[in-house]
Amino acid sequence: MTNFNQPVDAALVPRFAGHSTFMRLPAVESPGGLDVALIGVPFDGGTTNRAGARHGPREIRNQSSLMRRVHHATGAAPYDTLQVADLGDCPVNPIDLRDALAKIEAFFAEVVAAGALPLSAGGDHLITLPILRAVGKRAPVGLIHFDAHSDTNDTYFGDNPFTHGSPFRRAIEEGVLDPKRMVQIGLRGSLYTSDDHGWAQAQGIRQIYIEEFARRGVDDVMDEALAIAGDAATYISFDIDSLDPSMAIGTGTPEIGGFTTREAQFMLRRLGAVNIVGADVVEVAPPFDPSGLTALTGATMMFELLCAIAAGRAAARQEALA
Amino acid sequence: MTNFNQPVDAALVPRFAGHSTFMRLPAVESPGGLDVALIGVPFDGGTTNRAGARHGPREIRNQSSLMRRVHHATGAAPYDTLQVADLGDCPVNPIDLRDALAKIEAFFAEVVAAGALPLSAGGDHLITLPILRAVGKRAPVGLIHFDAHSDTNDTYFGDNPFTHGSPFRRAIEEGVLDPKRMVQIGLRGSLYTSDDHGWAQAQGIRQIYIEEFARRGVDDVMDEALAIAGDAATYISFDIDSLDPSMAIGTGTPEIGGFTTREAQFMLRRLGAVNIVGADVVEVAPPFDPSGLTALTGATMMFELLCAIAAGRAAARQEALA
Amino acid sequence: MTNFNQPVDAALVPRFAGHSTFMRLPAVESPGGLDVALIGVPFDGGTTNRAGARHGPREIRNQSSLMRRVHHATGAAPYDTLQVADLGDCPVNPIDLRDALAKIEAFFAEVVAAGALPLSAGGDHLITLPILRAVGKRAPVGLIHFDAHSDTNDTYFGDNPFTHGSPFRRAIEEGVLDPKRMVQIGLRGSLYTSDDHGWAQAQGIRQIYIEEFARRGVDDVMDEALAIAGDAATYISFDIDSLDPSMAIGTGTPEIGGFTTREAQFMLRRLGAVNIVGADVVEVAPPFDPSGLTALTGATMMFELLCAIAAGRAAARQEALA
Amino acid sequence: MTNFNQPVDAALVPRFAGHSTFMRLPAVESPGGLDVALIGVPFDGGTTNRAGARHGPREIRNQSSLMRRVHHATGAAPYDTLQVADLGDCPVNPIDLRDALAKIEAFFAEVVAAGALPLSAGGDHLITLPILRAVGKRAPVGLIHFDAHSDTNDTYFGDNPFTHGSPFRRAIEEGVLDPKRMVQIGLRGSLYTSDDHGWAQAQGIRQIYIEEFARRGVDDVMDEALAIAGDAATYISFDIDSLDPSMAIGTGTPEIGGFTTREAQFMLRRLGAVNIVGADVVEVAPPFDPSGLTALTGATMMFELLCAIAAGRAAARQEALA
Amino acid sequence: MTNFNQPVDAALVPRFAGHSTFMRLPAVESPGGLDVALIGVPFDGGTTNRAGARHGPREIRNQSSLMRRVHHATGAAPYDTLQVADLGDCPVNPIDLRDALAKIEAFFAEVVAAGALPLSAGGDHLITLPILRAVGKRAPVGLIHFDAHSDTNDTYFGDNPFTHGSPFRRAIEEGVLDPKRMVQIGLRGSLYTSDDHGWAQAQGIRQIYIEEFARRGVDDVMDEALAIAGDAATYISFDIDSLDPSMAIGTGTPEIGGFTTREAQFMLRRLGAVNIVGADVVEVAPPFDPSGLTALTGATMMFELLCAIAAGRAAARQEALA
Amino acid sequence: MTNFNQPVDAALVPRFAGHSTFMRLPAVESPGGLDVALIGVPFDGGTTNRAGARHGPREIRNQSSLMRRVHHATGAAPYDTLQVADLGDCPVNPIDLRDALAKIEAFFAEVVAAGALPLSAGGDHLITLPILRAVGKRAPVGLIHFDAHSDTNDTYFGDNPFTHGSPFRRAIEEGVLDPKRMVQIGLRGSLYTSDDHGWAQAQGIRQIYIEEFARRGVDDVMDEALAIAGDAATYISFDIDSLDPSMAIGTGTPEIGGFTTREAQFMLRRLGAVNIVGADVVEVAPPFDPSGLTALTGATMMFELLCAIAAGRAAARQEALA
């Protein structure tokens, strides 16, 4: 028997029964004692087009009932070595963007202070900004960023600096994100101007368009991404719109021609080699997801991330012992 | 300040945030200390046509986030006088009907033993049979039954006695339900034979077809229903297919020409005068409910029933004091 | 035991199993020997806005699996006294409107010649024109017509005389429909000009708008309708858009504010007093019917019509005996 | 021939063809010369639960292609006497609520200054606040308000004063709305506290719950509403959630038991007697409207309002001549 | 002219018209004289999560109207050399799992006895157990099994041995399936324990995970699969959830990262070299398939299987002649 | 600043706001002065199975709001060098196929006469016939044709020569299309007879099945296609059903196993080397597209085509200068 929290077993309690929590883990009220805190951030106030990601955490929780305990390909068994729980939804404010940013940052600061690694379900991509403020407070973190969009634009609708199209620009400006240890994979979709990515590239962000990815393949791209991230603290942000919309239509700004889920899974499985200090899956917007596939995919990506985190911790332990 | 559980306030925490429980009340593990236990029964193994009610409790919980605290028309404020909580989902077995019946009966027997009144969300209508076995164990209960169908058929697919078309026949045969204190309101839809309802009527069940209801109106019909139920222990069963399918298409056996929700609400508000020992809302089948309206309606009917229960308890207290 | 065709019994074979025919009756290849022929007319080439009624017969067949044998309110048991079968789909041509009209007329002429009463599922409302050519060939028939629209316009898109907005004008001009014995019930929706209905009224058609219906009620309106139809041969045409679109959104030209299904059912139950020579339910367009309710409603209206036909035949027999 | 703008004729250009504008009227860039300006306000930043009304104007435009020229029941022919056009969408800001309020007010101030009556499609109900600031700037206006909710709450999520639950409280506080000439019809749904409506009633707002409406009927209620509004300048606000959700599920906060569309249409047809200075239809949220019915209903209610405005203007002209 | 049954030609009768049968072939009542019997098995009583596959046969029939006569890539023309027909739906029992298993086995035993090869549409995967009992009665058969899941679990919800997660374990235990001639392709998805597949592998089943498939490719994998099956009697079972859920979301237990349909088609086209004694396509669950794609895919896979069977028979005939 | 029309900027006006035009470009009434005219052709009267493409232009316009200005991979910036506008919808006739063909031809003849290159959104594939009559009037054009189907059948439903299955046969017979400079890519799906493509191949059309495409890859196939088209005037026709239905289920005749959008985009990006005189994207049928992905994909393919046209023009200019 284990002392770690275990998911409710679907061979005993059917997947459709019981309270809906991330991975069917216990719901807890405090991050104390957790290795990994699964957190919902139901906020989409930074969305410039189709809102709906506020409903993401609830549906991702529902669909995560399909996850089991052990990774079939990597063998990772996160609940054998990590204390994981559903920490519930972070406080938000659907009416006041700046208040929401403050609430999210404060909540994640507590999680970080408690020593728990936050693995979050958005919410739109703006939520990553206050999370980075929390995890990158002491020192700027690196970032492996899967997305159709760079999200390094400056302002929208006049001079509004905070949208889901700008979180990484703000995080770099604020010094919580290190652009030199940042890689964006899967970029595509038409641009506002031919210089849309000029600022990002000038900061040293490595941008890998979907065309380059298609040419080089998963392993070559991930070799480079791991090298960029290096050994230092790194955050992982997985925008569901990095996937092809045939696999993730429930999102605010779909762009055709994206990753297959198989490609994405193979990439995430390489992250066991990364010093992960936090991760998120964002932009799942259930109102645009008639089949529920997008939320299922989001839940599965969370499980892949959890397994990568477990693998990384196991490797670190082994290294420490050696 | 009150000692009673209170729903999470939607003016503080948005309805789409936080764990999804019935009425946003606390989730508890035991019925001890509860006046009313809100219970999910995710079982549809008695369904003869379109399964899906197994998913009912989860979606009813989600939609119940739209409920607030006080009834706008009756003024009932159930959380001012009753201890109410979400007791979670009753154990079930999607593969073995008889095991499921046993599990449900056992669970409800505990609830009854603890002194809590069970207010349940199905599940198909077969779940009412094991619930009646629990609440009617000591003495047969009366029943006010809203439904398009009598559910007093005998057997299906050979000699199978347990389906969602037969629970009340079984309950009467088993002596846990008193047909003389039983009324069915809203019956309609074509029949297998002209004698489909012969057995029921021979037992003394009062059947009010939708045509009679349309002619007499809510108050006249409910006057009669209350008289039939009398002062003794009575169960309330609300099959969502009693409603017109324009208001509740997410169900296994829809029949056009049903109650409007307004009519149904007006009927349920009369139930404060009844000695309610348990109630349920059944046959909400989310896979057939693309807009979610059926689950919202189910949640609202649960709130109406809860307010009726609160009103009845308040009246009983006053009577006791007088 | 009866010699008449019987529907497959849903207590033996579940509704979702077996070949899908109207009312789960046998499929036959010829109208010979039938009292009532249930016929699909999968043609929507006359549709001016949203096509899709070509898919109506298939989905109405599927949903008709929910019908049973005996009418709960009138007691009609059509399969006790009538030989009824599914005669399949009439030949059509989705590419050539005039060829389709010819094919439909020829098919129904055979049905009429065989002595079978055709009860059809459309298809758009243009299909009623070739059917009327068949049933009204010897003498113009009367018409009780439930619809949001008069369908007596002249031409569309230039000088096209054949659309689903013009069948009754053509039928009157061709002498197969008697406007003096014709009543339209449920008309509503904005008009092209204030004189849209001038031609119809000049022919003597009685038009009962939804407002007049709402004021007078089912029985008063139907008393008048029956008087207009009189004892002579009368056709019944039920456009599903006569219903409120909350009950029938799967149609090409929905208009809010229509009949409830309860109102429509109560009207159809009065038709036992009419000398019915044919009937149809048209404009069910499944691609616009995400919940399937419109097709279910169409199937139920066909059953109501079948019961009315059975009642009328029974009454005629009694009269003949008396 | 007329000098007034005319809708594109659906008997010439099919409803699915051509650019999508309100009522198929010309799109114009300036309110100059218009009697009535049809305006979209694609803003839902005040929504506390399910966002999506930002997509309302586009879908209402699409569905308004089903409207024709003349009212079938009242005979109103608005395009015979009024210059009406689609003025496009008001500038908004999905990221900054206060900037959006300012932009909306400025836009409507120009419309009012140009002498055009604004008839708007929301957007959530918060948009009515800046519109009232524009139309009520010189003197507070009266209000006939159809809604499930009073929308006179104070603050949400802390001290946020501007949400779709508070516009009328703010408008009264700001002196642009006269609570003594204000009536709310259709209120229902559970309350936060038993005193939710205390402030509103203390201001003198007349609140007619759905129960009172059901008891008294359309005409009696509207007699009172017209008396409350009197002869002075009055605004009409129609929240689509006043309707039963079977007819309008595509909205952020549905409440069962609402108006039928037939009831609502009959009420709106009484408004020809009101001195209307502006009107809106709000809270149509297409992402929650799988069948499109809610947008169709919204478009039809706009047409009803336009006909009432035309009738009122005609009556005023006659009175002036007399 | 041919003596073999031919599908209704879609260039004569539109695909949406006519009775809905598999491949638009004649419906027959007996397997006598058939080379291949197309059979629906509308049973999902073994489903542990989302039921709905009971509706699979009906929708697969509908979508199979899109199939034509000749395979575009292999040139197979099954209706030139095989007598094929729609044998209808096998008797089932939605309420009693063991009765259903008995009924299915008995039905398929008759088919086998008549010398017809059964090609079936499920139903959930438990249906393959009674089919294997029929086809493997005389001698255990081999199996080429496409699936995301091994379906060799032992018991669920206590000690229930019969679910859609356990058919192959039972079939091996019963001696109707030869694990040494069994290969599973496409396995993936998280596991209950790291030993989930231990029993299967201990029996000698060859398991090819999706990762191995992705690495080796269609031809290499199928070379091995054909070698495993050898020349002896082999059954083919195609679980629709072997496909990526972007192509088959209408299923009970979707797992991302599956086969593309192109990959699956290329695999099935290799099966002409196999001695096929029966085949099925299972787990198509229409209630979870809003676009209908899953049923279309199921129908196409049935056609691919039929073409492979035809190719195999042709090869066998040639061999016999040589 | 540029003199060319520019799309409305989504960083100023949200994508959901404003009138819906192709690419958010200005709507114009005449092709005069345009380099490229974006045109809707809302006609699906040639559809043999599921109609609905008549609604294609409207939804493609809506989804094209997601396009921006510059191609991320090729760097093409069409609005820097081309005058592009939305010319609205071509006149059609949903009731009279031949009248529709005449209207479409006449409209496109004017566009061609004005010197504008037509880039169209269908409608079903029959619309390409009248467009080819206009663009191929002076000399037969070449064709690069992406499709699951050859669309070179002869007649349907008797002797009807004009359907969406026959446009290219008619165009070749009429001498407006040169079969020697015609290539079809992506063909698949079962055939009516083994000789379905005999006529096409006899004319010299090069047919590349999906299997050949899968084997050779994008670049090899496109090298050949460009060689076939050569330097002379060439039309591009992109049937959305060339794509895999997981990416484009909203179409009349889906066939599994098609192109990924990534493959299709990579092919279209090679077309800058072609002398394009017109192009279309056809068969987007929104009623069968619950998620809207098909229309989004159609809009993106139009943008890819526009970028290819811009690249081709730029290359031609450079060549002229050199």
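Each chain gets a letter, A, B, C, D, E and F, in the order it is written, and its residues are counted from 1.
Convention: a residue touches a chain if its C-beta (ideal position, glycine included) is under 8 Å from a C-beta of that chain, and two chains touch if they have at least 3 such contacts.
This one's a predicted model, so the numbers in the text were calculated from it and none came from an experiment.
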From chain A, count the fewest steps through touching chains until chain F is reached. 1
Shared interface numbers for chain B and chain E above half of all numbers used, same, or below, different? same
Just curious, how far off is chain E from chain C if you go by their C-alpha centres, in Å? 41
Quick check: how many Å separate the C-alpha centres of chain A and chain E? 38
Here the gap between chain B and chain F, centre to centre from mean Cα coordinates and rounded to Å, is 56
Residues of chain C engaged with two or more neighbouring chains: 14, 16, 48, 50, 54-55, 94, 156-157, 244, 246, 288, 290-291
Which two-chain combinations touch? A-B, A-D, A-E, A-F, B-C, B-D, B-E, C-D, C-E, C-F, D-F, E-F
Parts of chain F lying in touch with chain C, wherever the complex brings them together: 44-48, 50-52, 54-55, 93-97, 99, 156-158, 160, 162-163, 287-288, 290
Sites on chain F touched by chain E in the complex: 48-50, 153, 155-157, 187-194, 196, 209-211, 214, 244-246, 249-250, 253-258, 288-291
Along chain F, where are the residues that touch chain A in the complex? 9-12, 14-16, 66-73, 75, 77, 244, 246-247, 260-262, 265-266, 290-293, 296-297, 300, 303
Could you please specify the touching residues of chain E with respect to chain C in the complex? 13-14, 16-21, 27, 40, 42, 54-55, 57-58, 61-62, 88-89, 91-92, 94, 290
